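In what comes next, chain A is part of two complexes: it sits with chain B in the first one and with chain C in the second one.
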Partner chain A sequence: MNARAARLRWARRWALAPGLLLLGLTLLAAPLLGQVYQPPAYGSDFPLIGSRNAIWIVAQVHLMFAAFVLGVPMFAVVTEAIGIWGKDDRYDRLSKEFTRLLLVAYSATALLGGLFLFLLVTLYPGLFAYLSEIFHISMWVYAGLFFFESATLYMYYYGWDRWKEGWAKLGHLGLGVLLNVWGTAVLFIANAWLTFMMSPPADVAPDTSPAMVQFWSAFANATWMPINIHRLIANAVFGGSIVAAYAGYRFLKSRTPEERAHYDWMGYVGNFIAIAVFLTLPFAGYWLGREIYEYNQQMGVTMMGGFMSWLWIVQAFLIGVLFLAANYYLWLGLGRIPGGERFVPYTKWMLAVLVIGFMVWATPHSMIADRDEVAAMGGTHHPFLGVLGLMSAKNTAVNLMILTTFLSFLMYRRANKIPTVSWAKTGTLAQGTILAVCTAVVIFYGIYGYFVPTLVRIGFSVYQVLAVLFTIVAVIGLDLLVMRKAESRGPIRWGEMPERSQYALFVLVITFTWLMGLMGFARSGIRQHWHVYEVMRDTTAHAATPALGYAAQVISACVVIFLLMIAFVFWIGGMIATPTLVAHEEPVVVPVRGTDPGPDAAPGLGLDPQPLPAE
Partner chain B sequence: MASVDLKILAVGAMTIALYTTVANIIPQLESDLPPEVDLAAGMTPEQLVEIGGQLFAGAGGCVVCHAETPGARAPNLSADYQGEGPIGVRCHARIEGMACKDFLYQSLVQPTQHMVEGYPPIMPPADRTLTQPQIWAIVAYLESLGGEVTVTAADIPAAPADGAPEPAAAAATGAGLEAMGPAEIVQVECVQCHLYEGEGVELGPALDGIGARRSADELRRAILDPPSVVTEGYEELVGLMPVDFGRRMSAEQLESVVQYLSDLR
Partner chain C sequence: MRERLRHPFWQGALVLGVAYALFRWGIPYLPPLLGISSAPVPRSVMLQYMLTVLVGILVWVSDNEERWRRFKEPMRALLVQPERRVARGAMLVVLPLLVAFVTYDSLRPKISAPAGLRSVHPANPTSITVRGEAMILEGLENPLRTAGREEEAVELGFDLYYQNCMPCHGDYLDGQGHFAHGFNPLPLPLRGGGTIAQLTESYVFWRIAKGGPGLPREGQPWNSAMPAWDEILTPEEIWAVTLFLYEQAGLSPRTWEEH
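Right, the complex of A and B next:
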């Protein structure tokens, strides 16, 4: 036994020796290894779908959720404010109902954000190391802001019933505003990172060490603020459209007239906010496009006239659908407003304007065509379509579509009102004149644009936009005065909405979501084969920017994933719901502002707190 | 109630399918990587022309403005222009005594040197995104449009190992900025777009007396980030000055150029 034990000890010693030797060498070599170690530029390719698609899908779905959790607080605080100053409790409950959904949506957003970060670190370690070298301080602040944002959200939601009277209510509204401040700060920080990749400062070259890049010049780069504003507006639009679609679903599932009335009203409010804010989005997009051109002509040309030129045709198609669906919903809604029938005959002409505008906007012009296509068309531009494809025609079309949609809202707003002020006719005439002059200005510059050089023509779009913005503000201002103390033709019959109208709300939210994915591809795609434009090349097998058909499939996958997840969020939210709709035993008409259900209680365009049957 | 869910699903699926279909039935254009020019492979002129053609129509982005249509942003290079023939022919007559390929090369890396009347100065220097071999491949392609290809491997400097674009000035003048003093930089480089002591091109603001009009800090910014300092009356030219001009100099050179310009009073 002793001999055997000795052999074992001997064997163990010798077996241990190489291990100890290896360990010793490793320890000795560790500082050396630490010095020479360089993180790889790329990790292993993601299985099946590849690294690019993996990061694309996760980033896009994360962004959709981020838009939701940033857009809904905007919606919530606006509706809460309307509830406070309009003294209408329904707005307050609507606001609370959606804040509740935020709690679940926040978790989903954070989880997707974490997944996105891990994918970036493991699949693109070189890029992440580069960005974190420049932006590490803002990354710490970004993470820190989540604590404040989460704490504010919890106080905002859980304090709803505790702080519901007097100054405490205003304090609660202040929490909602603060929640938006944190959300906006988070958005702006993340935007700095992605816009840096798109438009790094001029003094950053391929051989510039990231440690030498000035933080603020990288942070506040050329496209940072235009993207901030564009996304801020788009998030508000998205939040409104999600609310409208949620209401549409609940409307279709309603079992009582009270429920139908409540969700019909909710759908209208959500859609109103989405479309009203959406009308300003083209102007923000125009600014962003202009900044891209100023930053780098070639990037701008690639975006509008290069391989991405067809993308804008698809975008025009989507926006055409948005305009049609939004107006269709409003026109159907006229049927539930006493007096609305007098506007119905005009809708066919408005439809004609929208359809023609849609067709003009979707007309291709500046795009790459191969020799066969050029031969088939008899030139790079079709002899007929070439004329309509110019920016003059497109700007004119989109401005007329915006004016038409504005007119739909105006009709909606005025439908059940009879003005009582002595100068009502003059006021209405003035409104009509402003609209007519604006239309003439838009068309004049549209036609004149064909007879001037390109640079002058581009400047005309500013005049068209200013004319439309002025008209919207002036006509609404006049309408508030003309309809002051107006008599009512009767309350809106909430709930008496055809079911097909609710499907328009689904089309709207799906289109907004798809459009978000498309614009994400556009923004990211114009960098082409650069991680950081003209600074850090993408040298992977996925460096080429895919064609639109392929991109559309990825975008659709993102939209489906997002919609399934958001449906899950709504379902979970429904499980913890406290009913926002408390039905009375007898359906009653609840007048707003004391005994007068009159339309002068309107806090804004078309948002008249009309009587509801039974709450 | 289940029928409502099915209808919603159907509307959603149809909407998404419609958009996916629309995006798939339009022409499919992929933004390819710029094809590499492998000089070690001993490329023939035909191969250079082929790659140059791919770059011209694709990653180079040339065809976007140099389209074959009236009203295009830049001159049509493949067709006759004012009776002078396509670019491969008319390049010989543009600058007296200058070889076609040199003219084309210079037009690519210093576009403002050879502006065609009636067209805006919107072309970015090609060496910001393309390597020297790729630029010479485009030159070969342009020569082939009606003319004879004279580009040879001897014209093409070897690309740096990391594939990064080389500085335009180094290739254009045969010497890098690093070898120049401030006066030389101003008198050789800046005058390509600015007038100075009666020499140069009258495109950007004249440099005479610039030190009295601009502070040293403004001059530094104007070099490093040209769009941030815009002279009144020159707003339309924003984006034209090479954004990499400042970074092609050492910090010491940059300061000496700023000092040189500040002293021009």
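Right, the complex of A and C next:
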């Protein structure tokens, strides 16, 4: 018994020490129980293509769809409004046809958005936690807006035939406007998040807790509004170009003259809206670039002069292609307009301006050259062509290309009309004078820019832009007055368009899509190895900014994926209903607002008289 | 002959030939006749220009139905007319050979270094450390200019330039110093609108202070022989050289925009 008691005492004594040690350790670890869970900065790498490529591709394709679903409602509302005030049912049908496609495209956008979010949460949890700490309220609002947007879209589409007369029709148009309001709000909110990553407020440092970042200063950061405007315009352009490409595809597949006429006309309208809005895009882009430079010189130099500068040469090439394709389409279109032949001799001179402008715009400041060529030039700057590499030359070239494209539209607009007002010649002369003065102003500031300090030269581009914008508005204004009660030389022969013209529409949409990806990479890539510029560093193996060739491959893959998906959307859209086609018959008069439409009255704003529909 | 000159196909061919001659020989040799320096156009730019002209010609010949039909006539005749059998056969031999030669020529191993993409201006860092002192480049002004010591500083910069920079960048600041031809790429010319005229003084200060070794990793290889002058000159001396460069070249530095 004694021996047993002794063993027990011994056991208690020796058990006490580890027990106390365990208790001590538990107490030491007690603060851990009070700690909040910290998500890891990164999830495990995405298989095969890596996390960065995965998020890049999904974000880019989502963005392309988002541009489509935001751009097409703009297109739809504009064409519906033209249909209402022009009393032309074709525009209304066109608008409805595209809104139908929106229903399918909307789902694809939402699916891609969801995928993007899941990838962000699982691959970059640290970044997402940081952003959501600052922007959580706007994220809730963002999600909430989708309910309103979806409801409005459904009412807009399904109420089309119900609300088609009188005030109800105006109410329906109001729904379309509201759809755009929701879409724009969604766009602006998402833009705040991405622009914060690019240009966080100056008082946000790496050690600033996200909870301490002021919401509004983070939201309305330096590049937020320039991106908003730039994307808003670009979306409208994108919507128009997609419509035009869809029409081009259907035109090539057409079996009857009616189909050809309908899709020829649809392609023209889509192209018109895309190019007309596109003409304002360089100005918005210029503002964005200037804000970036102003926000951070290093970022600006990386973008315009550093390794991203080659993207601008690629961009110049692609925009040159856009200008050529758009003008080509218009010049071919002159062949189906009675009276269009009188403008044909001028197109070669306009083409010369475009080609020379294209060459100037795409001339690199620092040229790709081997060592012998570099030695012969005395560096990578060509001693003679080097002047074309500066912004003075490039701004001049692009403004002249814009003016030339505008002139093509003007020719197209006037092709089948005979003015009847007594002062028609004077008006036309005034239009020519305005165009000539504008050209002189653009060239003058282009040359003078070489003789003044850089900051003054930057200011000159504003004068060039204002001169071009003023000219566009003034000449169109005059044209509307000159062409009041104009006589018609005959209806446009819709459908009588060579098939090669439709490939110009495909070139346009592919180029726009590619440009979105490439320049989106430039905007995002100038952050380099930062998730949030100079605040949160990318510490993954993918932190290095990708080389341009590699980036071009990824972006091209995104473009192919998007075009395949959008082709699927069109196919599905085609199954929902068959569009009503237009017959190849008598022209319908489209009155200019505020004028009395005569039997051959001139159309407003370049959108021409249409053939009657086959009911 | 006159008939051919009116034919769109031959007009297009003529424009293409004239454009080639202009880019190949006109640009390097015509401006020097007027006292303007020039050089041969690099192959990459030549290709770019010729492609643009070719696309322009194709747009022109096909933007009108009648012109497009006439443009295709000679090609169609060559491909289908029985009396053109010999020419057709020759074309079927010559064309693949030409393609094969171009492919061979572009792929064969060459001893020259490949053409490189060089950035226009390397991107500057936000801040640099010069002799232990951190300097934030954003918004940084030349202290000698703001202190009103310009005249004295220009003189100092003059001496320093001729002691240290002139052998490469030249007496005339044109990048043609007597050592210049030992380097490839050549030292940059500091005159004209293409280099320092576009830059802020803080940027020029950074380039002088950190030289080739301080260039960013992006855009490598830079192959720059420019030394890091902050190991030899004091910050004040570098600012003085900067001031002298603008003074001597008759240029104004880019200024910071006012917010």
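To be clear about the criterion, the second predicted complex is superposed on the first by the 536 of 615 C-alpha atoms of A that agree within 3 Å, B and C clash if a C-alpha of one lies under 4 Å from a C-alpha of the other, contacts with A are read in each partner's own complex, and residues count from 1 in each chain.
Please note the rule applied: a contact is a pair of C-beta atoms (placed from the backbone, for glycine too) under 8 Å apart; a residue touches a chain by one contact, two chains touch by 3 or more.
Because the structure is predicted, anything quoted here is derived from the model rather than measured.
On the superposed chain A, the two partners chain B and chain C do not both fit; they clash. Of the two partner chains, chain C is the only one that A:L332 touches; chain B does not reach it. After overlaying the two complexes on the shared chain, residue contacts for A:W310 are found with chain B and with chain C alike. Legend: residue contacts after superposition of the two complexes on their common chain; A:T545 is shown touching both chain B and chain C.
By the document's definition of touching, of the two partners only chain C reaches A:V344; chain B does not.
Within the superposed three-chain model, A:W514 lies in touch with chain B and out of touch with chain C [touch as defined at top].
When the two complexes are overlaid on their common chain A, residue A:T363 makes contact with chain C while staying clear of chain B. After overlaying the two complexes on the shared chain, residue contacts for A:L563 are found with chain B alone; chain C is out of touch. Once the two complexes are overlaid on the shared chain, A:Q297 sits against chain B and chain C alike. The superposed model puts chain C in the path of chain B at one of 1-9, 73-81 or 181-189, which is 73-81.
The contact surfaces that chain B and chain C form on chain A in the two complexes overlap at residues 294, 296-298, 301-302, 305-307, 309-310, 317, 366-369, 373-374, 379-381, 454-455, 528, 534, 545, 548. Considering their complex, residues 1, 4, 7-8, 11-12, 15-17, 19-20, 22-24, 26-34, 57-59, 61, 63-65, 67-69, 72-73, 120, 122-124, 128-129, 162-165, 224-227, 236, 238-239, 243-244, 246-247 of chain B touch chain A. Contacts from chain A toward chain C in the complex involve residues 294, 296-299, 301-302, 304-307, 309-310, 317, 320, 324, 327-328, 331-332, 335, 344, 347-348, 351-352, 354-355, 358-359, 362-387, 389-390, 450, 453-455, 498, 500, 528, 534, 545, 548. Residues 201-208, 217, 222, 249, 252-253, 293-298, 301-302, 305-310, 313-314, 317-318, 366-369, 373-374, 379-381, 454-455, 503, 506-507, 510-511, 514, 525, 528-529, 534, 537, 543-553, 555-556, 559-560, 563 of chain A touch chain B in their complex. The touching residues of chain C, when paired with chain A in their complex, are 27-28, 31, 36-45, 48-49, 52-53, 55-56, 59-60, 62-65, 68, 112-126, 137-138, 175-176, 184-186, 188-189, 192-195, 197-198, 200, 203, 216, 218-219, 251-255, 257, 259.
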